[in-house]
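Starting off with a structure, shown below.
So that you can tell them apart, the chains are marked A, B, C, D, E and F in the order they are listed, and the count of residues begins at 1 in each.
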Amino acid sequence: MKNKIITFGEIMLRLSTPNNARFTQTQSYLATYGGSDANVGASLAVLGIAAGIVTTFPNNDIGQAATESYKKVGVDTSKINFEGKRIGIYYVENGAAMRPSKVIYDRADSAFALAAPKTYDWATILKEATWFHFTGITPALSENTAKACLEAAKMAKSMGLKVSADVGYRSNLWQWGKKPIEIMPALVELCDIIVCSKSDAKDMLEVNSDELNPNFASFCKIIMARFPNLNKIINTKRGQLSASHNTLIGQCYSNGKLLKTKEIDIPNIVDRIGGGDAFMAGFIFGQMKEYSDQKSLDFAVAASALKHTIEGDINLATEAEIELILKGDTSGKLRR
Amino acid sequence: MKNKIITFGEIMLRLSTPNNARFTQTQSYLATYGGSDANVGASLAVLGIAAGIVTTFPNNDIGQAATESYKKVGVDTSKINFEGKRIGIYYVENGAAMRPSKVIYDRADSAFALAAPKTYDWATILKEATWFHFTGITPALSENTAKACLEAAKMAKSMGLKVSADVGYRSNLWQWGKKPIEIMPALVELCDIIVCSKSDAKDMLEVNSDELNPNFASFCKIIMARFPNLNKIINTKRGQLSASHNTLIGQCYSNGKLLKTKEIDIPNIVDRIGGGDAFMAGFIFGQMKEYSDQKSLDFAVAASALKHTIEGDINLATEAEIELILKGDTSGKLRR
Amino acid sequence: MKNKIITFGEIMLRLSTPNNARFTQTQSYLATYGGSDANVGASLAVLGIAAGIVTTFPNNDIGQAATESYKKVGVDTSKINFEGKRIGIYYVENGAAMRPSKVIYDRADSAFALAAPKTYDWATILKEATWFHFTGITPALSENTAKACLEAAKMAKSMGLKVSADVGYRSNLWQWGKKPIEIMPALVELCDIIVCSKSDAKDMLEVNSDELNPNFASFCKIIMARFPNLNKIINTKRGQLSASHNTLIGQCYSNGKLLKTKEIDIPNIVDRIGGGDAFMAGFIFGQMKEYSDQKSLDFAVAASALKHTIEGDINLATEAEIELILKGDTSGKLRR
Amino acid sequence: MKNKIITFGEIMLRLSTPNNARFTQTQSYLATYGGSDANVGASLAVLGIAAGIVTTFPNNDIGQAATESYKKVGVDTSKINFEGKRIGIYYVENGAAMRPSKVIYDRADSAFALAAPKTYDWATILKEATWFHFTGITPALSENTAKACLEAAKMAKSMGLKVSADVGYRSNLWQWGKKPIEIMPALVELCDIIVCSKSDAKDMLEVNSDELNPNFASFCKIIMARFPNLNKIINTKRGQLSASHNTLIGQCYSNGKLLKTKEIDIPNIVDRIGGGDAFMAGFIFGQMKEYSDQKSLDFAVAASALKHTIEGDINLATEAEIELILKGDTSGKLRR
Amino acid sequence: MKNKIITFGEIMLRLSTPNNARFTQTQSYLATYGGSDANVGASLAVLGIAAGIVTTFPNNDIGQAATESYKKVGVDTSKINFEGKRIGIYYVENGAAMRPSKVIYDRADSAFALAAPKTYDWATILKEATWFHFTGITPALSENTAKACLEAAKMAKSMGLKVSADVGYRSNLWQWGKKPIEIMPALVELCDIIVCSKSDAKDMLEVNSDELNPNFASFCKIIMARFPNLNKIINTKRGQLSASHNTLIGQCYSNGKLLKTKEIDIPNIVDRIGGGDAFMAGFIFGQMKEYSDQKSLDFAVAASALKHTIEGDINLATEAEIELILKGDTSGKLRR
Amino acid sequence: MKNKIITFGEIMLRLSTPNNARFTQTQSYLATYGGSDANVGASLAVLGIAAGIVTTFPNNDIGQAATESYKKVGVDTSKINFEGKRIGIYYVENGAAMRPSKVIYDRADSAFALAAPKTYDWATILKEATWFHFTGITPALSENTAKACLEAAKMAKSMGLKVSADVGYRSNLWQWGKKPIEIMPALVELCDIIVCSKSDAKDMLEVNSDELNPNFASFCKIIMARFPNLNKIINTKRGQLSASHNTLIGQCYSNGKLLKTKEIDIPNIVDRIGGGDAFMAGFIFGQMKEYSDQKSLDFAVAASALKHTIEGDINLATEAEIELILKGDTSGKLRR
């Protein structure tokens, strides 16, 4: 089966303090690029899936550097739009033990947020694609991006693509005049698969949290009643032992059944950011490969776990490496 | 004599590529902080003069890190205003030989640009000051900063402070609705000393360039006729041999006379940015110390030359080091 | 309530091997500055308390660099004395797992140790202070520092300041002719609060170790009988699982009662040095804020735990971050 | 006009000592990738020309990393062959002043050298190409690469592509059994444009050096008599003042006329390696853009000069930057 | 007792990615040198035992740098042979948690593998030695090295030296025409002590794995029956919790008895490579010091554990540090 | 001819700021080791001459690291004495252009300065040596070192060794009670060859500077009249264009004749420290090889020039590299 995914969203310059330095200590920043949607596309490209990212970068050397970082891992960057003035930025201070990592966003008025919806010619962009993915961050940024996202999802649906979304609520976004509840339902109605937590549902889809109890299956049933087009709802339960040590369980509700993975232990975390996007990418990979839902979910959690051992937003784990985890080998035994 | 200078303007996070890396090559940035006005204040603090900087930083860890970088060199940061969302940024790619260094600005809608003029209580801020300094960049950023700058300069004048300005025209600024010519003359009318080149004069003060010929003295005569309050006009002539090698001559027009310095050779440049601000700081230092104009000018050029050997916006050269250059010792002889 | 703390002691250049390099492997050292007393002052400055450090630095660029590192975090450095020839140094090799970190001291004949007691004009220095803090290291260095410390403590007491001390015994100090028992009791008699362990008491205060059993409360009772001016004795019990993993429990004996904190787990240690000073600073902060002893103690342990995640001697944790730990959130959950 | 270049040759891992460290001093190496032919392709990709590189990499993570370094700058890597065991390596020690940079090659039995000629399906590879480029290094490596190179050049010629070569003689290569003179003439007979020096001609084409005197024009006349298919011979004269300071003059012999450029001064060299390849790429760019030979040559020398200011084998200079040099602006003036 | 060990084997340049970077992420490599046999010699040199390494390096700056890295730790390098073209290389990607570290070898046709057996004058080389050590890697590289190794072992035996070997099977070696079973038995017949696992025995000594069960003692009995000259068989059982966390138990079969050590926990691993060689070196040290087998074994495991906390192939732990672990102090408590 | 040199003097830890950072900017120091006398020995070891250094290091890991840095380059460190508490330190701030490099010494009471003269058993130490070298720094440090130096020189003379000295006056030394004039003449009386400038002569040998004029030859004549045992006086004239650009001319007075070298240009200096020691080492090398004085001098200047391109105190230039300069090739042409 031929697969090609297109993702749509903002990509930011990520400035991380080296080692565990605090913002007030550092004399330098590591510079990488990331965005929740593009992380999914790039992770799939690393797994050998054709992937294109759609975004807007300023037409300067920083936009060029960002583009090259995706070209490097094999992402199709030919549909990136270059206009506007600035790339969004997020600063990361790496935590340790009980000290959390901190993120400071500086993304207002980015080239992406200001680009007009008509910038993107979705019929052309999606022509050879089989899957369209976005996140709840994209419509949260500006009226422009909300409109463009809806147009893209509609076009994708009408062209027969699978549509997926990570319905993540970020309370510090949605500053452009509308509440999530005014925008997200129309988007989720177009989706086949979503990542969604109970609190996301409450904030983004206005499903009353009381109804959501007592468990994830019941919660999913309610969501699916509201969005009958939805096929699957997936999610991770993260055990937060410390900034350096987490655990993960994946969940998937589909066809009235709740699937779960074993819990995977993630000690000695290198970089937790992008873990959720690696999970999404892993699940999409499984679906594209026509794995069972259980195998897709297992693959997704194994992919996400490996991401925590890799610096940067993008999961650079290969299919063979993820399969090894899947087979239960989490021993990290030296490979000569 | 007791001296205290207050400077007013934007301070940005400066992200420089290490060594001579291009923007598209680097995996990290050196992080320092700088702004044309604050560079003058900080250089004077290093020279032992009481100096306070007035600006607005976002009330987050990046604003805190910026503040601490000035505290470190002894600047009074107690009048910094913390509000708003973002710090302006400028990216620097270090050139070499015939390849220029490049600067990309990302300063729109900074906390400083958006801060309301009434934020700054100039009567209090300037209470113990003897000198007020600003640059043509401050009023170029927004209506807010233009208003605040005018209020500050007026208050300074009324309180009997010396007022100086670097009338530098930046063609990519002045986006907020007014042209420089609508704003700058009122500001320059309040000044005792300005740094001004012929092209600045044309753009900022609308003095016809044809009149300015054939020489700097004639040009200054015209400017002073237009701004009778002005005491001195100073300037540098930069010989641009390569990105790594410049020469400098300082000029000062005062009381109808043109003073010049010897040309100083600056090979093996480490960091050219802030060279002009170091010149301004050096001249102010001389004036505060009641040096003759010639010695002030010689000191200013020696200070500026040394700045080119120091990484970062701020001139960390001490008075003794500058005096050594002044005495003609540019041999760079190892000091044990 | 207005608070200002003055600390008195030696500040050294700290040269640490990067990552986990051994002394014989490294081609570079990270350079920071620290000293047990100054660490307390600086940590309090980071917490927003007015803090001044009193010490002697050589009047050269290294002394200047040391001074600027404290200015940066907001410490009042105006009472630092500049004279003499050298700054004390300590080298740190970072351990891991069962390999301990190693410290090599090179502090003999430092500018601080050689400075005459009359150098410090305590009446002026302590004028606006409310608290004076020193450690057992200060009198251990030289007759000069022992005398100066006693004069300072006496003056502080007579001026009505709270006086605290960390009675830490370092067996490789006390080379100047007196034993701790000849010096420390007179100092502790002036204290309101001390950090003291059983072994410290034996070595520094000559309280027989047999009497000290079986528990900390009994031990404190004996100490307080001997030093009736003492109000509180505090301490930490450190569980030493490995160089990378410790646990901490805080204890405070006051008004005949022994208070304890819960044990806090500290995996993935970034830098253990300064952990005790962060504890002291945290407790002083609580007392200054008029917290209950229990809350002061909880705050102190939380502060100390966070210090272990931060490179360098000084605890850069903010009040909000410590409060989060205090509320039981040691999850290190990413803060966006 | 639509252009696409294909280059064929070995790409090596380049391990350079940081700063100016000697091989026996360094504890680390900077890792980039380069090869004379691929440098030409990659430089043209940076200039916006479609470019594909053909080579063989081992099918391991190092081969993958090498591939990604070319993807990053937009090179078509889809025709790279993955087989064999090792990538060739070259170590670089950076010199300064009178100390030369040193290169140590470890390229024997590389995956490229061992790959069978039939590995490359030239009819497919060259289908959409308009230009084929190789260097004298490619046939020097092994019988395999000599055969593959000849097949490629023949196919290119027969398909109507322009063919160019850098006839550089490397005395430490040609270990596989044939002398250059047995191989190179047949290759040069297929070329339209070559880079060739007098010493290259003697070694590679067996043209007697005595005949070559007294000047480049006479020399070229002889070469062209021998290779009537040749259109242009180009070359640079490098003035070698020191490891840190060179000068360049470009020469082009075409239609019986010798063209020269002005001498360009290159002080403060950052990285001299790849300078010749940047010259070749610049000339090909000019020819593709149908510039006059003089402008092509001027462009080539300007491109080469800029390469000396950029770390790594590939010229990352843009067309606009080269044009600025071409217009005579070698001032390296800061661009804000 | 006077001891001197000679080891014989290949030494490679080790190129490790910094921190936890993947091969496709890194822009630099840490450069150290290592080889299983030389690691044993160098570790013993660090422990104060006279140690000489015998190998062949190319006669270039890389060979020189490799030699100097052993001189630095006090190894006698005077018997190293310089000839040939290349040093073998191995690339290391540092893993974390469940992501394994990866090693890519590029050692074919190294100067060592190609050096003729007669290169080494064993009678001279071994003159003052008391111990000869090699590993199963040495004969696996080429016919040359297999022959040289046999000659060395025979000469050592005939001169009355103790002979030890680490019989490690590496499936990707043994490409030169013979199977291990055709070579290794003759070598092991000359040994007094070997490190050997069940799988090594099967592959290298053709002892049927079924016979080997159910336990290590039975297995050793069979081996010793086959190689009556053998005195001791030693081994480690590694518990592989993750790439960052292992456990170790040492075993020694001697005089019909099986000795074991306590399990030692190794969290927060810095560098696992060379752990086995440190174990061998520790055991040899104990034997040279005429410790009991149990103490030798305890020392060996403690030494190996400490190696995991040290970057690079060589165990830089001192005797005092190992003794501390031996005494049960694995607390990693800060040593001031 | 068999040669072995022994040098005697203090070796310090050198802490240099990276790149061109000022002391107040740096967060790290590069750590190397150097001392004027040991630099001569180590440079000769690099040139293949047997060389041993005699000094005293503290018996700790820093002393061990220092020792290993000399072992690495092949110096015989077996006569180093380990006792005492601290290694001397010197801090280096790297200058550029007209900003000088700065050195801050912290060497008082080093292990070397405090070691008793009887520590060194000169009869044994010098047994196989043919040359003894020291500098004017050694007797300047303490009464101990002055005595030990005199004993060593006397023993060397009596054993028939050549004796050389660099009579460099350091005004900030000689704090131990005697003036140079009370110590140095007795030492120079034992010398065959000295490096000496006019100002050194005045300060150290009390030869009136007026007598010294007008030229070096006359000056040498006077010195030799005073010290009839002296054979040769050598020296360099340094042209100090900037911190980054020097020139050198070597001079040698011998047998009544003054020899000079051509001036050598040293642009783009990497590290100027140790340049004089490299000159001394080069001259000794020439004498040991029985070169003519002119060739020895030419070799010395070429060696010194190359040292300026190498980081650290020790000249790592090989004989072949120096010979290339000697032949006039200062082109720094890339060596493949």
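Definition applied: contacts are C-beta pairs under 8 Å (C-beta built on N, C-alpha and C of every residue); 3 or more make two chains touch, one makes a residue touch a chain.
From a predicted model like this one, the values you see are computed outputs, not experimental measurements.
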Pair from B-F, A-C or E-F with over half of its contact pairs in common with A-D: E-F
Chain whose average C-alpha position is farthest from subunit A's own: F
Pair joined by more contacting C-beta pairs (B-D or E-F): B-D
For subunit A paired with subunit E, centre-to-centre distance based on mean C-alpha positions, whole Å: 46
Chain centre separation (subunit B, subunit E; CA means) in Å: 63
Sequence positions of subunit D contacting 2 or more other chains: 22, 24, 27, 68, 73, 102, 268
Chain pairs in mutual contact under the definition given at the outset: A-B, A-C, A-D, A-E, B-C, B-D, B-F, C-E, C-F, D-E, D-F, E-F
Sites on subunit C touched by subunit B in the complex: 68-69, 71-74
Touch list for subunit A against partner subunit E, complex: 73, 264, 266-270, 305-306, 308-312, 316-317, 321, 325, 330-336
Subunit E-touching residues of subunit C, taken from the complex the two chains share: 19-22, 24-25, 95-103, 105, 170, 172, 240-245, 268, 272-273
Contacting residues of subunit E [partner subunit D, same complex]: 15, 18, 22-24, 26-32, 60-62, 64-65, 68, 85-87, 89, 91, 93, 102, 104, 106, 108-109
